[in-house]
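Several structures are given next for inspection.
Below, subunit A partners subunit B and then partners subunit C, in two separate complexes.
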Partner chain A sequence: MIQLLANWILSFDVLSGIGFSVAWGLSLFIVAALIFAFVAVNAIVLVYIERKVSAFMQVRLGPMRVGKFGTLQTVADALKLLQKEDIIPLLADKVLFVVGPWVILIASVATFAAIPFSDTLLAADMNVGLFYIVSISSIVVLGIVMAGWASNNKWSLYGAMRSAAQMISYEIPVGITLIAVVAVVGSLNLQAIIQEQAGTGNLFHWIPIPLPNWFIFHSPFLFIAAFVYLIGATAEINRTPFDIPESESELVAGFMTEFSGLRWALFFLSEYANATLVALLVSIVFLGGWQSPFADYEGAQIGFSVITLVAIMWTLFVRAKTGRLSVYPLGLSLILTMAVWLFPGFAIWMASPGIFWMLIKAGSIIFMLMWFRWTFPRLRVDQLMYVSWKVILPLSLINLMGVAVWMWLTGEIQF
Partner chain B sequence: MARLHAEEMVLNMGPQHPSTHGVLRLKLRTDGEIVSHIEPVIGYLHRSFEKHAENLEYQMVTPFTGRCDYLAAMGSEHGYAMAVEKMMGIELPERVEYLRVIFAELQRIASHLVAVGTFGLDVGAITPFIYCFRERELILDLFEMASGARLLYNYIWIGGLAHDVPPGFVEKTYEFLDAFDERVAEYNQILTGNKIFIERAADIGVMTPEVAINYGVTGPSLRASGVNIDIRRTEPYSIYDRFDFDIPLGQGLQGTVGDSWDRYFVRVLEMGESAKIIRQALDQLPVEGDVKSAIPRRIRPPKGEIYFRSENPRGELGYYIVSNGKNVPVRLKMRSPAFSNLSVINEIGQGWMISDVIAILGSLDIVLGEIDR
Partner chain C sequence: MSYFSNISNAITTLVDGMKVTMGYFVRPREHVTLQYPDEVWPIPTRNIGVGEIESYNTIRSKLVVDFEDCIGCKACERACPVDCIDIETFKAGPDEDIGTTKNDTKIKLRVTSFTIDMSECMFCDLCTHPCPEDCIHMTPDYQFISNDNVKLEVTPEERWRDRDHLIYQFSKVTPIERAQRKAEAEKVAAAKAAAMEAKKAAAAKAAAAKAEQEAQEAARAQDTTAAQSENGADPAPRITETPVMPSDPALINISTPESTPEPEAVERIEVPLENITSPVIPEEQPASSEVNEEAETSIEPEDSSTEERGETENG
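Right, the complex of A and B next:
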């Protein structure tokens, strides 16, 4: 993308004299700014959505006053945070206190450089993309420990220590789960991983249910791995039920206790950036990234019809169980199915890959993370460690072996 | 290799802390995450209730009692009114007794809803708290209908009620009760049976019956340890002997008898029992009767003293009143259940983690207004 942008800049007559290296440098800055803008806008939108989702789950309205349906509420909040006084505690370690939030933010924004949003839309096509993301995102814990220690506050210290223990122990199972996928593809390049998932095929290779070739349907082991990864990643980004580093009912605000205003906003930004990153990574690694779930135009028609059938059954089930009539899933799927059957162009578009699918998939994962957050209680520190070392880690190791055996059985690899 | 220098850290939890249920300060001696000693420091909400009472006429004390346990003001007022009535030997009209029981039990449900919800909040579940408050609002609406206030009512007066309930109150209460049973099932679905919640609450902070009795723990926290003591049953006051209800006891369904989960679940069950009592009381409520007919003109209890106890949502609420025959009490001592319940925290909270201390504190269901008075 940087190459393309540089060439595009040079294609203007006025700018053609600046030379390729300057154009290259300029493109770097533009792309970096674009990524940061994406992260920032994304956080503002996600905060709004999270408030609305939580309100929906808690029988409330959520923000309604600022803008239509409260859409500008998060913008107003961001402005308020910018205006707040910048307080550094007297006894804090000033350098670390200032640097900490930035380390976290930079680490979480930098990971987006390797995320492919579509077949062309990615900042850096690295052959070690997955490795890059895993390694850069683990810098976040450094920033958290810096911030927690520098605050010179006991709550912050507890938060930082918990965070360090948690993130380090969850990185291992998460990494091993990703290695299972890498073993299937034979590459760390994210584009290669996505391209491997094109088209449709049988569920678990043999069961004759036509499903997309996504890795979640590749084998029972990768199916489990997807959930193991999701659990591990939820812990890694400190979200409920694993939000013990900032657990507000115990540690006040954990490592963020002493931070306010803009510095606190940086934590917030990176929190949502990390959530988005995990959602994007799940959809890339297990759900086919920017690939469409439908192989072709007929596949889209049949696929949507099946979805409508499921929606009808779901609606009837809900009606029988609770007596309520939920029309939205049914209505939406009906409209989409009709559109797919009536307009072939729409069906073709639905069957083609693109950023749309990426965002839909990542959005669903983010919704799931929000769902977790607003329904689950929080685990305790030792229970968290138990889950990591005694449940998830063995499971991910078994998965890794299982995937290898599975590939040998299905003939994907020969010895 | 030289040994690393390690020492215990004193952590001040509160008085400003999200989970100490008010301005309670806990001095925790911690070794890493493990808490080795807990010292509750109280008095941040001291308002001299007892000294105030020595300078106020009897009927003027009523609003102050509500301000002690502000989550169960009806219960406090009820207890105080009954204590003075017993001193003076006032016979109450039937309708007053029934209405008082209805309000006391509604208040018990409202108070337990806060307890259950905030316990969920303490272990990190936010949504159940909002669900609980949704139902509490309905109860507060009923209170507002009757007394005009939503939190501190000054409704149960010595010898009667401030005024009769408005028309439509009984129907609305029935409506609430019909909806309420379903809602309790909702809490059980989202919180009680949740695996993480059970992990966080079961086997945590086990209070044996001996410990509970030694520390004077009363109310649901005591019954969660398996001790069948409920003043409504053991020494029925008011008209509680006329109703058919069960006393839920802790059974250790998810762990040990007397753990935090039991203390939580006993409250959930008690809400259902209170709903049963209210339903019976509404069925039997006499239509006729002046709620103000027994209110004495001059409140001058005869010379003497009395200790009267009643079952508040938090436990045994006792009033010790000394009268010299004048219209002002010489001494008024309140035996507040939350105070005794809090005193047990070091015994059952030692050796657990910081997160567990929060859970144990939440399961004891304290109200600081009543502890500090």
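Right, the complex of A and C next:
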């Protein structure tokens, strides 16, 4: 993408004289700014969605006053945060206090450099993309420890220590789970991982249910691995139910206790950037990234018909169980199915890969994270460690070996 | 194998919990927070046998005055148990036409200030019934928040409450006009005071001459001086009998609206002035009983509402 952008810049007559290296640097800067803009806008939108989702799950309405249905609420909040006083505690370690949030933010945003949003839309197509993301995102814990230590506050320090322990614990199962996928693909390149998941095939290779070739349907082991990765990643980004570093009821706000205004906004930004990153990574590694779930346009027609059938059954089920008529899923799927059958162009577009599918998949994973957050109670510290070391780590190791055996059984690899 | 049963138990319970929250997520939201300024609960109405439901609601809330119909009789002010109504009136000139009420009653008093302190009001409804023109009434409007920052002149005693927005001013008289009215009243009072001064001086002179004459007569008659002077000083015995104590101004002022304006006003205005100039010895002055009652009312500090007091202060 940077190469394309540099060539595009040099294609203008006015700018052709600046030389390739300058154009390269300029496009680097533009891409970085684009990524940061994506992260910032994404955080604003996600905060609004999260507040609405939590409100709906708790029979509330959420923000309603600023803008229509409160859509401008988070914009107003962001403006307020920018205007707030920049407070540094008197006895804080000022250098670390100032640097900490930026370290976290940079670590969160830098991971987006390797995320492929479509086959061309990615900043850096590196052959160690997965490794890069895992390693850079673990720098976040450094910033959290810096912030917690610099605050000179017992809650902040507790939060930072818990965060460090938790993130280091969950790095291991997450890494091993990803290694299982890498074992299937044979590459750390994210584009290679996505291209490996093109087309459709049988569920678990033998069960005759036509499903996309995504790795979540590759084998029972990778099916479990997807959920293991989701749980581990939830812990890694400090979201509920693994939010003990900033547990409001015990530590005031954990490592963020002493922060206010812009620095606090940076924490928030990085939190949602991390959530988005996890969602994107799950959709890349297990859900086929920017690949369409339909192989071709006939596949799209059949797929949407099946979805409509499922929606009809769901509607009848809800009607029989609760007496209510839920028309939205049925109506939406019916409209899409009719569109797919009536307009072949739409069906072809639905069957073609693109950023649309990437965002749809990542959005559903983010919704799932929100669903987790507003359903589950927080784990205790010892329970957290128990889950990490005694449940998730053995499971991920079993998955890694199981995937190897599965591939030998299905003949994907031969010795 | 409690290890695996624990894990399966965890998974099933987590899925159960997720089902519950998803059920609430997709459920239509019926019983949720009321979006207050946009939607309000309906006010319950109940016919209690007096009037129609619309006009006589059981909810008694914000007091409203139809100010065009107010004649300044202060009946509501007197009826108020918590003294939250404050009315200031000035007498209209003889050739001034202020207007008539909806009952065709001629308005004789110019109401320059009509404030109701809703932070003190206890919604007892007692002020609405004495009103002869039915111009003060309670409305079911219970929302006292407003955007208009009406800054009223409140006394220092009232200022601590910091509830200026709950003091409602119904008179549309501007502060400038109010000051003008005050100045006019002062001018009239000053003129009358001057006339009274002259009259008083003459009376005092006459009294002194008479006393001197009587003293001479008494000396001649060899009687006690006290008896002589008491007989000669004043024909009104009630002055000494009337105890000087803070009496209820409302009781004294009951006759105020009905009294004919012009001649009595002259009488009434004179005496408090006199009282202020020499408040210590009211018995010495030649004064009628009515005059003395008026003097008592003007002495009281709480009597901020009476018409006479406004004029005496100005004087």
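Just a few scattered comments:
Here is the rule we use: the second predicted complex is superposed on the first by the 415 of 415 C-alpha atoms of A that agree within 3 Å, B and C clash if a C-alpha of one lies under 4 Å from a C-alpha of the other, contacts with A are read in each partner's own complex, and residues count from 1 in each chain.
Here is the rule we use: contacts are C-beta pairs under 8 Å (C-beta built on N, C-alpha and C of every residue); 3 or more make two chains touch, one makes a residue touch a chain.
It should be emphasised that the depicted structure is a prediction, and the values quoted were computed from it without experimental measurement.
On the shared subunit subunit A, the superposed partners subunit B and subunit C are arranged side by side without overlap.
In the superposition on chain A, A:T375 makes contact with both subunit B and subunit C. Looking at the shared chain after the overlay, A:V252 reaches subunit B, while subunit C stays out of its contact range.
When both complexes are overlaid on chain A, the residue A:N153 reaches neither subunit B nor subunit C. Residue contacts after overlaying the shared chain place A:M57 against subunit B and subunit C alike.
For subunit A, the partner with contacts to more residues, out of subunit B and subunit C, is B. Taking Cα centres throughout, subunit A sits at the apex of an angle toward subunit B and subunit C that amounts to 40 degrees, reported as a multiple of 10.
When the two structures are aligned on their common chain, the gap between the nearest CA atoms of subunit B and subunit C comes to 5 Å.
Touching of subunit A by both subunit B and subunit C, each in its own complex, is seen for residues 57-60, 374-376. In the complex of the two chains, the subunit B residues touching subunit A come out as 9, 11-12, 17-19, 33, 120-127, 130-131, 134, 190-191, 194, 196-197, 199-200, 353-356, 358.
The touching residues of subunit A, counted against subunit B in their complex, run 54, 57-60, 154, 158, 240-241, 243-244, 247-252, 374-383. Within the complex formed with subunit A, the subunit C residues making contact are 3, 7, 14, 17-18, 20-22, 24-29, 31-33, 35. Listing the residues of subunit A that touch subunit C in their complex gives 53, 56-61, 64, 324, 326, 371-372, 374-376, 390-391.
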